[in-house]
């Protein structure tokens, strides 16, 4: 089960990542191997065609997996992404984007998960990512083996 | 051969992408199926451990492929990324990052390429990405079949 | 909804793919955007350590997405994979492997889906893949937009 | 520099992998962080449209990276693939396929490389893959840091 709350994770995020000073992410909930993170809609994330930019969605995918991992192992700032694969599926609406991250594996050295992203109020995903995090040696994950 | 110069591509980039207002990217050169783009070092791109953040490198990978594609097909703002896969290989130095993008295929509908990223002055890459762009129907690429 | 049954899809598979003469795959069921395919356990698929080989799992991932796509668009043999990304998560048991394929997008030109693979009787996945198929121009998919 | 020859690597491969009894792969050469592997053309690898199947190319990508890794660290059969991402670029000719594998990183725990595949005699690649191998703890790689 999670060892940090959504509030603790969001506070941790903003205290450690200087390039997130616009606080565009909201950690909405965490559960066993799951995290839901919201990207607040902002003109800053638009690209030509009026759609949310690929980099904004990639940052959301990476951040939501980071939250899902830290929720289980605690505040290990030095967990780092080793691989991220993202498919962009549909043009996002001009709305918040909700990311649902789900751990597929939480091992001692690697955590792997998938993230599905939706424009708020829509059923079809706008993007889907798989993300691998490397966990520093001295942090033993709890659960999910 | 390229149909736009490095200067034209950089100007195009900043005129179309509002979230790049910090002008962190420099289009250094383009050639037949190749582009070199520099991410200027800035504290804003750091993450815990003092290293350049994953999202900053993903944005660099995506941007440098966009430049490599547009160099060949002209200023088609609506070319969109459909897939991006990135491997983070080493902790980047606190220095500019240079991306070398190379097209593997430039078809009518899809362009696929790979991007290798280096900290300035280093020989071993910090990250490597493969990126697929979807090209709108009415833009015929020149060359590379 | 599917336009082919599991039986029709399995028969189509074996009539079109000469390198599947060992008939190791069983199409177990198909539904709206979903397919379940079983890889029969056989010593032939083992690798050192007594585990099922990566290539056997990659073939299963590719095949189960092909079945999920064809179930919706009909017997289009020339649908081809353009991208496959697979994460190997755990050592598979010496048992059948069950693949659950799910379409994330079924467009006119591209279908994208994810595949989760389990050793029979186990809850934790052994592998997870995302797969993109390119659909020939004159075949209009039904449903899923 | 390599610690095994092409001949030793090919012999090792066939002695450890029972599903390669058709001996379709030839280890042509290895060098510092590089391997060249040939997939012999055989009707068995065809798919509809007369082209070499995706699974045959995925197996080639995986095998050629395995050879590139083992060439540097020695005969560690239990090195296992953790991630493979492949882009299929062009319809292969009815000819042998040559894979050029190149290590991007050879760490203590993970090796990452890229593989470009060509139909014999052609200049444009038919497929490109990035592959990550996990290396068992007690095998220290030599070189490439």
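Letters A, B, C and D mark the chains in the order given here, with residues in each chain numbered from 1 onward.
The rule we apply is simple: a residue touches a chain if its C-beta (ideal position, glycine included) is under 8 Å from a C-beta of that chain, and two chains touch if they have at least 3 such contacts.
Owing to the predicted nature of the structure, the values given are computational and were not obtained by experimental measurement.
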Query raised in the report: Counting shared numbers against all numbers at the contact of subunit C and subunit D, is it over half, same, or under half, different?
Result: same
Query raised in the report: What is the chain whose Cα centroid lies farthest from the Cα centroid of subunit C?
Result: B
Report summary line: Cα centre of subunit A to Cα centre of subunit C, whole Å, reads 27
Report summary line: Distance in whole angstrom between the CA centres of subunit A and subunit B is 23
Requested in this report: Could you please state the distance in Å, as a whole number, between where the Cα atoms of subunit A are centred and where those of subunit D are centred?
Outcome: 33
Report summary line: subunit B touches at least 2 other chains through residues 82-83, 85, 87, 132
Query - Complex interface listing, subunit A residues touching subunit B - result: 16-19, 43-49, 53-56, 58-59, 62, 77-78, 80-88
Report summary line: As the complex stands, subunit C meets subunit A at residues 83, 85, 87, 89-90, 104-105, 112, 114, 116, 124-125, 128, 130, 132, 145
**Report entry** Touching residues on subunit A, where the partner in the complex is subunit D
**Finding:** 82-83, 85, 109-110, 132
